[in-house]
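The following pair of complexes shares a single chain, chain A, combined with chain B in the former and chain C in the latter.
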Partner chain A sequence: MSLLDTRERRRTPPTPPPVAARPGLGRRIRAAKWSYLYLAPMAVLLLAFVVYPIFASFGYTFYRWNGIGEPGNYVGLANFRQILSDSIFWGAVEHTFVYAFVLVPVQLLLALALALVLNNPKLKFALFFRTVYFIPVVTSAAVVGVVIQLMLANFGDSAGSLLAKTGMTDGHIDWLGDPHTALAVIIAIGIWHTLGYNLVYFLAGLQTIPAELYEAAKLDGCGPVQSFFRITIPMLRQVGVVIVVLAFIGSFQVFDLVQVLTGGGPYFATEVVNTYIYHLAFGGSAGAAAEPDIGLASAASFLYGLLLIVFSALQVLALRGISRRRTAAGQ
Partner chain B sequence: MSTLSQRPRLRTRLSLRRGRRGLLYLALFGGGLVWLYPFLWALGSSLKSTDGFFSGGLNPIPSEFHWSNYSEAWTQADFSKFFVNTVLFATGTVIVTLLATSMAGYVLARTDFPGKKIWLGLVGVTLFLPHGYTIIPVFDLIQRLHLLNTLWSVVIVQSAGGMVFGTFLFMGYFTTIDRGLEDAARVDGANFHQIFWRIMLPLSGPMLATVGLFACINAWNSFFIPLVFTLSRPELHTLSVGMFNFIGQNSTAWTLVCAGSVITLLPIVLIFIVLQRFFINGLAGAVKQ
Partner chain C sequence: MTSSNVSRRGLLRTAALGAGTLALGGGLSACGSGSPSSSADALTYWDWYVTQAPWVDKEIELFEKGHSGVSVKKTTQQNAKYPDLVALANRSGNPPDVFMIPQVPSVAEQVAKGWLHPLDEWATPAWQSRFPEGTFLEGANVFDGKVYSAPLKGSGPQLQLYIHHGVFKSAGLTNPDGSVKIPRTWDEVTSAAQTITKKSGGRSYGFGFGNADGIGVLAWWLDLFVRGAGAPGGAPTVPGTGMDYRVGKWTFGTDRAYADFLELFVEWKKRGFFHPNSVSLSDEAARAFFERGKFGMTVGGVWNQPEWTQHKFTDYSLVTLPSPTTTPKGFYYADPVGNGTFAAVSAKSKKAHEGFQWLDALTSPAAGRRWVQDLNGVSAHPADNDPDGIDSKPFAAFIGMTEQVLRGPVPLVRNPELAGVAPGVPKPDISDVVTGVYTGQIKDVQGALTSLADKKFQLLSDAVAAVAKQGKKVSTSDYVFPDWDPTKPYTTKKKA
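Moving on to the complex of A and B:
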């Protein structure tokens, strides 16, 4: 009842003047009490299990701590110093960036090409193909990783011996065991695994382009290639920015696939930042520290977080600059 | 009718002449085969004999069918228990995620309140931060809440991870719903709760399906969270965790591992195929806005 009353009161001035004085903060907060209540479950879960842990783990960066009991051994900035001087950390950063900067362009080009083809209403089985190319997305990297590992193992007519028959190689290739091929194989599997997302995103973007534009272009004598560069690409720009940003965020967080396929090996050749952090925190053969060290792991993830924030800011600025310049040019 | 509206589009898309069309279908089917090959191979290998597995290599077709691999894997690895756990875990995650993200998405899209912009900024920033490593403070928190080694802990932590994406999807969806609808309801005397539960939520069926399916797929495939929070209670393990222990114990019984993989992957792939219309359209809607 009282709720209804307040709303009635708010509604009474039929058309509030555009520059009406805003009511006080206290009153606005009270008026929005149900909004806060509805936001609360999401806010509590996010704050408690995502935001708070990020800050809490920053607290661990000053301790040498194996995760058991309370952190006690205060070491100041020593953890940061150790991480920054660890070549394995920088190797992991490099591998993560190689992963992202190879995977994202290749995958996006593949996805765009596939989306252009599947967007053709004349194409038969379009829904079937869309489903087929999307299926790896809904399967877990962990289980798929095991299956692919078995496929690549040198049993019977393996991929290695098939290549040997064509005379391209001398036989047994240890795809994931060879430091020269392991990262490339992981990138290829990464492209396979998440292509479906970008395919769907591009299809959505293509469907927002009005058909009249293509029609008009055709009347003006534009061929398919020209209308692709003159219409499709510019019209996809906004969606494209979102797709690129999401693809990079996903790639920078790569973990499951690497952990299952190689665990970061051989000889750290596929160690990415998240597996590096994992090995520091929980131990494991490939890690820099044999003993689990939460402090070191937290320091590494804090530094990586900083790096990602800087990179994301640069990315957003660059993309914004590009779209602004294009709009200014009258596109 | 539909052909009329499609015709202008047809002419402008890559024109498909006969020969080129054949090549195109060949490429699409070929690519599709590559895309599905690991699944076909796992399915085939799960039916091979052990010898057949080692000599078969990349050939997915078994020379003889060993259906017993499935019953053997199922009983050896306690898959029936893991299956029930996974279903409970996924269902709980879907319910918590849908409730929390639809409510939050609604108020963020439709109401104005002090602090909204700050909150949205904070939520956006969390997207970029790596948080896989924060498992230690989360573990600590769960322990203090006395929820360790319960399915609740797994549900809560897993749901929390899906909050941002789900909320953004609902936000986008609710902003597209006509405001006149709410105004009309308000004039008829509906209050805040009635507008949300009786009008907005029932209208958001497609987005409920999308976010729900998303939460379900992620929960089903989740490995790290259920592993960490049920470490000392193996009877609470989910399929993917159970699968892994199974591999550890059967490092040579690869045909059984393949059967286990199929058991783990098949339900979620089937759910996806049945509901894929919602999932793909919902995801697409998220990017369009």
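Moving on to the complex of A and C:
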């Protein structure tokens, strides 16, 4: 073969393999009919209890309504205006974002570190430790909240006094009653409570990394730190993105822990958006009973939903951007 | 309805309604505490009285003995769900024959919805005369001249300062005769709290409360202390209250008693007089802490007493209206609007006559006497409120305090058209503001109080304007009683 032949061959694009004609939509649905059948009950429930209420409650945003009888007091966009001008709402948004942006990074780092330790095949009782770290996840947040609230407030005065006497704190701290500490305590409990989820996700991710890669790296003279940054982190990237997204979604939905531990107090210091909406919808707050207002609560829900959509879109765009940059750098 | 005019949709709706009603009825019955009689013909009665259940059960027994052939089937509902359940029962067309009137929607709305049966057929002037003068108020329990309910409870002092004898004695706060030195002025209260905190060496504190439940506990403190200082509106612990009728406004920002007390309150906190976990304690836990002597004083109502009595804890006293001076400049004021309604006969009841008989029995002077004797509270009939013969000393003391409740102005008497005025509740309200001041989150106390007072008046003005728009003759001046002296009983004259 001459050199010219070789050059010609390089210029000529390879002939693509023949592509089979794509079956029609109807045929594809028929082919997967059992899958659709299995999905149907969940889809119906989702439509009935998630999608329908979202659209149904939108109508209530234009009314002042206490939830009893039919809504009759039409107020137009006044509910939206009231929510947007309410400093407590914006405070609740801030607390929710603080909760999410502190909890997620700390929790993910802790979960990854623990997962690395628990993934060590030489570790004895690994299964026991995995179970121990997962137990808080299967315990209801309400139960966790009640127990910790009892420990800190009702039974914790002696412990608090002891800390003060030993000089570890300036004075007795009312952990959940002090506006400077209450949110931090809730975040700490939140980290502990849901750590197990991310631990399991990371463990699953770690177990998909072929051991041969580490062995090859070891032969090439890589230390544990290099292996971690050159093999573990890149191989965990895909599962990591899912974990980050799920962790943020979970954090933005924080409700039960706050409601049980502080009810949003003291003086709204721990009010998050979901407790704010709850207090509007069902009346009462950190004060004398207020009339429930389903209209205001619906308006707040919609505004928060919009905020989350914007945040999610930004998150997706940021992740795509990072992915593109990495792909470009790889080329 | 004949078979010819039954549409398919109508049939389905009827079937659904029937099934729903059966399910609701079954569910409700299941969670209720039925009386011995459970015949299908029994008079059905709903309430939310849990701790008062022994009194109700005794009244049912006495009623059934006195009315042969009539039995009462009681269902006690969970308090928080009660309004929803009554609304559902009415919407499904299957309400109980007699029911305690839920707080939401307002009585006026319930009348407008046609839920309540007018009682005029039986509630004759002679029958009405057994209640104190001025009980039957247009806009409270009378609408368009028709009577719909009658009161069970009378007005007692809403709040008291509870004094733990053991803690006081341990701190040496006793009189020469060995009795406990009861503080009555702001200075005496401060001094007692200081002594307890100092002498107990950290075992007890002067004060304590449980603010974690979001029930507005800190507004109770403000209310109790500022009334005696001459702020007759106190702090609104219930929506729609707390107005100083001398000016027809909330005077948080203009009456210095509010800022003065809050300054003292913060001072108490800074000096360590309060149990340090008070903000995050539940009210229930705070009651238990007081019982165990973890603090010497707390603020609460008569509702504290049953639990302590059950635990055999009676070593305490109660005082009301601690004031800056020895003589209070303001009092509690009778609330005929709040106390005027109790239960009603359902408009749908087929046994309305028997329903009224049951309501009549429950609101009778004899039942009121038993209500007091069973330590439930103050009766609507003044003669029932006799401390003699009550075994519990603290409860007898509370009953004796009804003298601290004076008749005050009642805007509804002067202008019944105010019945439709329902101002909204601002958020934050007064209890939130007091919490913010206590925790140090609110620095500008005077500013916060003034802003809140303005907001509350604005909400009232809006509500009045909405009613005026419907053609009613109402104005914010209907709430002004310039001739009222808060230290004397006041008789409201009807509008000419």
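In this text, the second predicted complex is superposed on the first by the 278 of 331 C-alpha atoms of A that agree within 3 Å, B and C clash if a C-alpha of one lies under 4 Å from a C-alpha of the other, contacts with A are read in each partner's own complex, and residues count from 1 in each chain.
As a convention for this text, a contact is a pair of C-beta atoms (placed from the backbone, for glycine too) under 8 Å apart; a residue touches a chain by one contact, two chains touch by 3 or more.
Treat the numbers as computed from the prediction; the structure is a model and nothing was measured.
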Partner chain in contact with A:N66 - chain B first, chain C second, else both or neither: second
Partner chain(s) touched by A:Q149 [first = chain B, second = chain C, both, neither]: second
First (chain B), second (chain C), both or neither touched by A:A211: first
Contacts of A:T181 with chain B and chain C, given as first, second, both or neither: neither
Partner, of chain C and chain B, that touches more residues belonging to chain A: B
Touching both chain C and chain B, counted on chain A across the two superposed complexes: 156-157, 161
Touching residues (chain side chain A, partner chain B) in the complex: 3-4, 7, 11, 25, 28-29, 32, 34-36, 38-39, 41-43, 45-46, 48-54, 56-57, 60, 67, 114, 116-117, 119-125, 129-136, 138-144, 146-148, 150-151, 155-159, 161-162, 192, 197, 200-201, 203-205, 207-208, 211-212, 214-215, 217-218, 224, 227, 239, 242-243, 249, 252-253, 255-256, 273-274, 277-278, 281, 294, 297-298, 300-301, 304-305, 308-309, 312
Complex contact set, residues of chain C against chain A: 83-84, 87, 91, 104-105, 113, 202, 211-216, 219, 236-239, 275-282, 285, 294, 424-425, 427-432, 435-436, 438-442
Sites on chain A touched by chain C in the complex: 66, 68-69, 86, 88, 149, 152-154, 156-157, 160-161, 171-179, 182, 262-269, 284-292
For the chain B and chain A complex, residues of the former touching the latter: 6, 8-16, 24-25, 28, 31-32, 35-36, 38-39, 41-42, 45, 53-59, 96, 99-101, 103-104, 106-108, 111-114, 119, 122-123, 125-138, 140-141, 156-157, 159-161, 163-164, 167, 186, 189, 191-193, 196, 217, 220-224, 240, 243-244, 247, 254, 257-258, 261, 264-265, 268-269, 272-273, 276, 280, 283-285, 287-288
